[in-house]
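These notes open a run of structures that come right after.
Next come two complexes built around chain A: one with chain B, the other with chain C.
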Partner chain A sequence: MTTLGSEVEASPARKRFLRSFRLSNTGFSILLLLPALLILAFTIIYPLVRGIYLSLNSYSLVNFGAGIEWVGLQNFKTLLSSPDYLAVWWTTILFVAGSVGGQFILGFLTAIVLNQDLRQRNLFRGLFLVPWIVPTVVASLLFKWIYNQQYGIFDYVLRSVGLISEFKAWIGDPHLALFSVTLANVWKGFPFHMIVLLAALQTIPGEIVEASIIDGAGALGRFRWVTLPHLRYIIMIDLLISIIWTFQNFTMIWTMTEGGPVTATTTLAISIYRTAFQAFDMGMGAAIGAIWLAFMVVFSVLFVRFIGGTTRLEI
Partner chain B sequence: MLTLTQRRRLTRTLSYLYVAILLIFTLFPIAWMISSAVKPIQDLFVIPPQWIPHHPTLNTLSSVVRGDYGRGSLFPVYFKNSVIVTTGTTVLCLVVASLAAYAFSRYPFRGSYGLMVGILATQMFPQGMLLISLYLAFLRLHLLSTYQALVLANTTFAIPFAIWILKGFFDTIPREIEDAALIDGCNRLDVMTKVILPLVAPGLVAAGVYTFLISWDEYLYAATLIARPEMRTLPPGIIQSFVGQFYLNWPNVMAASVLVTVPVTILFIFFQKYLVQGLTSGAVKG
Partner chain C sequence: MKSRSTVWTIFVLVMVFSALVSGCVAPTPQVIEKEKIVTQVVEKSVEKAVEKVVTATPEPKKAEQKVVRFAGWIGMEESTAKQFNYMVDAFQKKNPDVKIEYEGVAWENTRQQLLLEAASGNPPCAAQIAAPWIGQFAYSGAINSLEDKVGDILPNYAPGVVDAYTFAGADKKVHTWGLPWVAVHDTIFYNTALMKKAGLDPAKLPTTIDEFDAVVHAIAKLGKDDKGNRIWGYVTSTDRSELTANLFNTWLFNFGGDVLDDQGKVIINNEAGVKALSYYKKLVDDGVMPAGFAFRDQYNVMANYQAGGFSDGSYARDVLRLTSGKGNAFDADFAVALHPTTLGNPADPASHKSMFHHHTLVTFKQCKYPQEALNFIKFLSTDPEITLYYAKGSSLFPLYKPALKDPFYSQDAYAKTFQDGLAGAKLYSISKTPQYAQAVDFIAIAVSKALSGGDPKAALDDCAANLKVLYKQ
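== the complex of A and B ==
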């Protein structure tokens, strides 16, 4: 036998020598984490800290001579007293609520339907996933074409079936633009919820379902007392992730409307971009981000407390 | 009152009806994109619309592939850039995320749980805010319009999620396998690279495909950190070359859209199983 073990066993002196260099398990663990932590320190932690610092400064890239000037909370005061800024929050909340709400309901319904033993259900699941893998820019250009004012298929179909009587500018009309973008986002995003919730539904033990049927639970009762409690944790994670992502959504909105018409679809993500990279007001852009970040942290903690109860996050 | 069998049959019928309607909702836009990409331009702007192209042609597709459609666009170059950036991001992420996920899964220490929560929590940091400082940093380092800048920026969303997916896979491998190898005298690094990593190959595929998809999709960083046209990736490339302020070249836009979607579709067809497994491994503990 010449396993590594017997070799080491043969020379205790060498073993002791090696052990003096030997990392503890914690040391080994940190060594493995180091590459990821170093990269994230540069790409996330540094920009975050510097962003918070910038939010307390006036820093415009338009006149380089001006440089960075400390202004304290001035950027925040300007923002909070601006009706335009508060309107951005309202737009963001509508967009997030509409997108996540629509995606979740459609995704959950689909998951429940696909959880039965339908013929070809794996094929259907694959086909329903298609919007999710289509690149966002493609999806938004595609919907821009579908919503086209003159030759758009959406308007044509709605008119043909008599739902509307005249041309509508689905993304050109400030009253409709947010709805249209949200609908496109529901199309793009619902498959994620379907996949996560379907996988979760399949973990519900059959005996529990059968027991509840024997106990006389109807379909609704079963949903309320068996399915929902069992899925509570996954629903929480699923909703939290998608709320965070939808706040971040820049591409879909920007490539469809650039936040317009006027400011009809200007969410926080669009607003930072416009402020920092079109008006080149870096300090103000960072301030918009800082408030948003603070909101997300508080929201996430409350959300996990409220929906997750006392369960520790299993990650 | 319906009998049980009748009720079952009704549920079944309604389910298939639901599936049929949803299939139209999900696939119709895709079909319309393809249909629009293979029509000659004059057939695109007609009412009533031609659902099936009367004069199908591959001219638009081929002119987009060749990159000769007048406005100085560089579709093949964008494509190459996208492949380089996406591959770079995927490789870098897989390497560092698998090491980190292994550490979280097998060698937890005081505070490692908090660290993992912290890494996931970075996803709620506004990307636009991170971008401001990344932009200023890359400006100072003369890294704007380079592949490195974009690969590094992409790690902000790719690494945390890849760690999460991979940790889910590592957690499913029984610890006894490592204990046995360690008792046999293998060192910890060998146990990880030679024994455990091969076992989580499906997880590596899942995390890799996922990273590939989201990097291929990335627009905000690419549009901001890349100024030189010949360095652009596909998403901003398409927007910059086909979408003018008052003018949209719809046939070319749809043709380019089809072409951008092809690679991810191929990837999806081959790796659907792993991708689905990966997406659910983090959230759903069976």
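== the complex of A and C ==
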């Protein structure tokens, strides 16, 4: 058994080959990694460093002749003392929790159902993937029409079954808008969880399930003591990816509400766009991004530590 | 040693094999080069021979094609695209050495796209912008001042318009930053079919806020149409958007308010401002006007007889004709009047205030052919034949007085209403400032906050506090 990260022992022939170029193992590894590292440096590291640098400056595109002015931590101080900025964080957390929670539960339930020996199982597996395949802009415009206060089918259906008496402005009312956008995002994103969890469910060995049945475990017991522990790492990765994606969600919210009404759907992504590309305050936009980045790094580490535990993956 | 020699042997074999394979597949560059040279020599000798036979005089040198990139939404919208293509063709016929290259940008994205293009060193040569954005462009340092280049024609525009574009920019010196193109200022479009249904006389359009209030309440009382759809008395943009702020501003003007006073001091939360927003809120609370309404939906509800009216500029006639699917026949079902007011004498057009969003033409500093770009925008703005064609085709009327001499503008009742409206039209007070985008967002938030249950005074006080920070007051 070889654990990940352990050093692979080089064969004598390979060692001789490397020696002929006067390169150590490490040197050879660096040589191979160099092209990828260079690309990463230009596409990720430089923008990242530049973004952090901008966050410490005042730079407006409305007056780009004035150039960049060093302001130190002023942008961060302004942000952290602004109740509006804290409200944006709260909206983002609600949106992420609602979206990921809803997508995960719906995706997991669908995966469990589609893992059963059903007729036309493959057809349903394909059909349930449709929301994931539909481009986000198209899905957003679709939901914008579904929620339309004048013609929307959502209002029509709810009124037909007697749940509401008057058409409601689902994305026009600040009390309903975040819920409505989250619901649309749940629809759009649940197939991702479904397909990941379905694949993971199929890796559970049949013998373990049979053994648990023999030991007297019921359906819930099998789910709690066999399925969940087996899927633990997959669930962790699935949730982590989904949380990061949902934090970044811009297209759906912008297309449906542009962050409104009032500030009901203004998440961090919308806030950055409004600050940097509508108000053209690049320094402040970069500061929002820098805090967000720091939060995501800390969150990801803690998430993996607490949800994934401390056991290392083994192959 | 043995493995080392094996590696080298494999390497040499691979290289030889690659060379052979590539030799079979395609000629090497040298071979291509040789073939090219031979072909060129043959072609040249044939050309020379033909030249000698066919003509004794050399062909005149082809003039350099000057490409002027023009950006705007005009070519993207169904109601104006055809007219724009005609204008470009006409200009290119008059100027055969100039080619107008069109960059289509949706109205909603124009401001930020052009400013980003300018910041990255790749702006168009000329562009169509909306008048309220002029301050941001002036302060960006990206556009040219025009007073020295077109000073001869500036006095010929409708009164006050050029003044609105004349103010100090980033260099702290007063310049004229844009060339007025066509007039866009708010009037109210009334659904006369619904007015009749509500027992109102469509010939008597409201001139005061009280008259307006009576009309929209009467229409809203119609309740629902045959299909069960709600009928609104009046609709306007009330979501979180620039247009929500701008359209509210016209109401603000007509209640005697403004965002900033003449000295630039924030006054949006004064008595007039609170009255204007309270009236807006009352319309929502009474079920006359929807909250959270998107601007572009107004054409659908109007064309489907689900709205008694909306606020818009003159181009809306063509949008309604297209949206309704009835073409010019839909003109029988709506009428247009100046914005209702609480100010002065309602019989005087100057009492009916409106904010102008005039389409404006600007040229950018980073342009290879600045003179041609200037010639193109002058042509669009002042040519009598072109402006008349545009006015007749898209209901967008020029602001250049010599072009307005055509009898069409005084005889056509629709055109005349908009000509009258110019008397009360003025530019947003925040439009001459670089903080425009943030300011309109604060205003849109205040409007939507009040319309969704908030207190108008508190919403405007919050807005004023934010504006004061923005304008460092």
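FYI, the second predicted complex is superposed on the first by the 274 of 315 C-alpha atoms of A that agree within 3 Å, B and C clash if a C-alpha of one lies under 4 Å from a C-alpha of the other, contacts with A are read in each partner's own complex, and residues count from 1 in each chain.
Definition applied: a residue touches a chain if its C-beta (ideal position, glycine included) is under 8 Å from a C-beta of that chain, and two chains touch if they have at least 3 such contacts.
None of the values given here were measured: they were computed from a predicted structure.
**Q** Tell me which touches more residues of chain A here: chain C or chain B.
**A** With both complexes superposed on chain A, more residues of chain A are touched by B.
**Q** Could you say whether A:Phe277 touches chain B, chain C, both of them, or neither, answering first, second, both or neither?
**A** After superposing on A, A:Phe277 lies in contact with both chain B and chain C.
**Q** Looking at A:Ser58, would you say it contacts chain B, chain C, both, or neither? Reply first, second, both or neither.
**A** The answer is neither, since A:Ser58 touches no partner chain.
**Q** Report for A:Asn115: first if it touches chain B alone, second if chain C alone, otherwise both or neither.
**A** Once the two structures are laid over each other on A, A:Asn115 reaches no partner at all.
**Q** Now for A:Ser212: first (chain B), second (chain C), both, or neither, which partner does it touch?
**A** In the superposition, A:Ser212 contacts neither chain B nor chain C.
**Q** Which holds for A:Gly259: it touches chain B only (first), chain C only (second), both, or neither?
**A** Only chain C is touched by A:Gly259; chain B is not.
**Q** Please indicate which partner A:Gln248 is in contact with in the superposed arrangement: first for chain B, second for chain C, both, or neither.
**A** Touch partner of A:Gln248: chain B, not chain C.
**Q** Between chain B and chain C, whom does A:Gln74 touch in the aligned arrangement: first, second, both, or neither?
**A** Neither partner.
**Q** Touch test for A:Tyr151: chain B only (first), chain C only (second), both, or neither?
**A** Both: A:Tyr151 reaches chain B and chain C.
**Q** Do chain B and chain C touch any of the same residues on chain A, and if so, which?
**A** The overlap between the chain B and chain C interfaces on chain A comprises residues 148, 150-151, 277.
**Q** Can you tell me which positions in chain C touch chain A when the two form their complex?
**A** It is residues 3-4, 7, 112, 115-116, 118-119, 136, 139-142, 170, 229-230, 238-241, 290-294, 297, 300-301, 306, 434-435, 437-438, 441, 444-445, 448-449, 452 of chain C that touch chain A.
**Q** Hey, which residues of chain A end up touching chain B in the complex?
**A** Chain A residues touching chain B: 3-8, 25-26, 28-30, 32-33, 35-37, 39-40, 42-44, 46-48, 50-51, 54, 106, 109-110, 113-114, 116, 118, 124-131, 133-139, 141-146, 148, 150-151, 153, 156, 187, 191-192, 195-196, 199-200, 203, 234, 237-238, 241, 244-245, 247-248, 250-251, 254-255, 268-269, 272-273, 276-277, 282, 285-286, 288-290, 292-293, 296-297, 300, 313-315.
**Q** Would you tell me which residues of chain A are touching chain C in their complex?
**A** Those in contact with chain C are residues 13, 16-17, 20, 60-66, 148-151, 167, 169, 171-175, 177, 257-263, 274, 277-281.
**Q** Please name which positions on chain B make contact with chain A in the complex.
**A** Against chain A, the touching part of chain B is residues 11-12, 15-16, 18-19, 22-23, 25-27, 29-30, 32-33, 36, 44-49, 92, 95-97, 99-100, 102-104, 106-110, 112-113, 115-117, 119-137, 152-153, 155-156, 159-160, 163-164, 167, 183-186, 188, 192, 213, 216-217, 219-220, 224, 234-235, 238-239, 243, 248, 250, 253-254, 257, 260-261, 264-265, 268, 272, 276, 279-280, 282-286.
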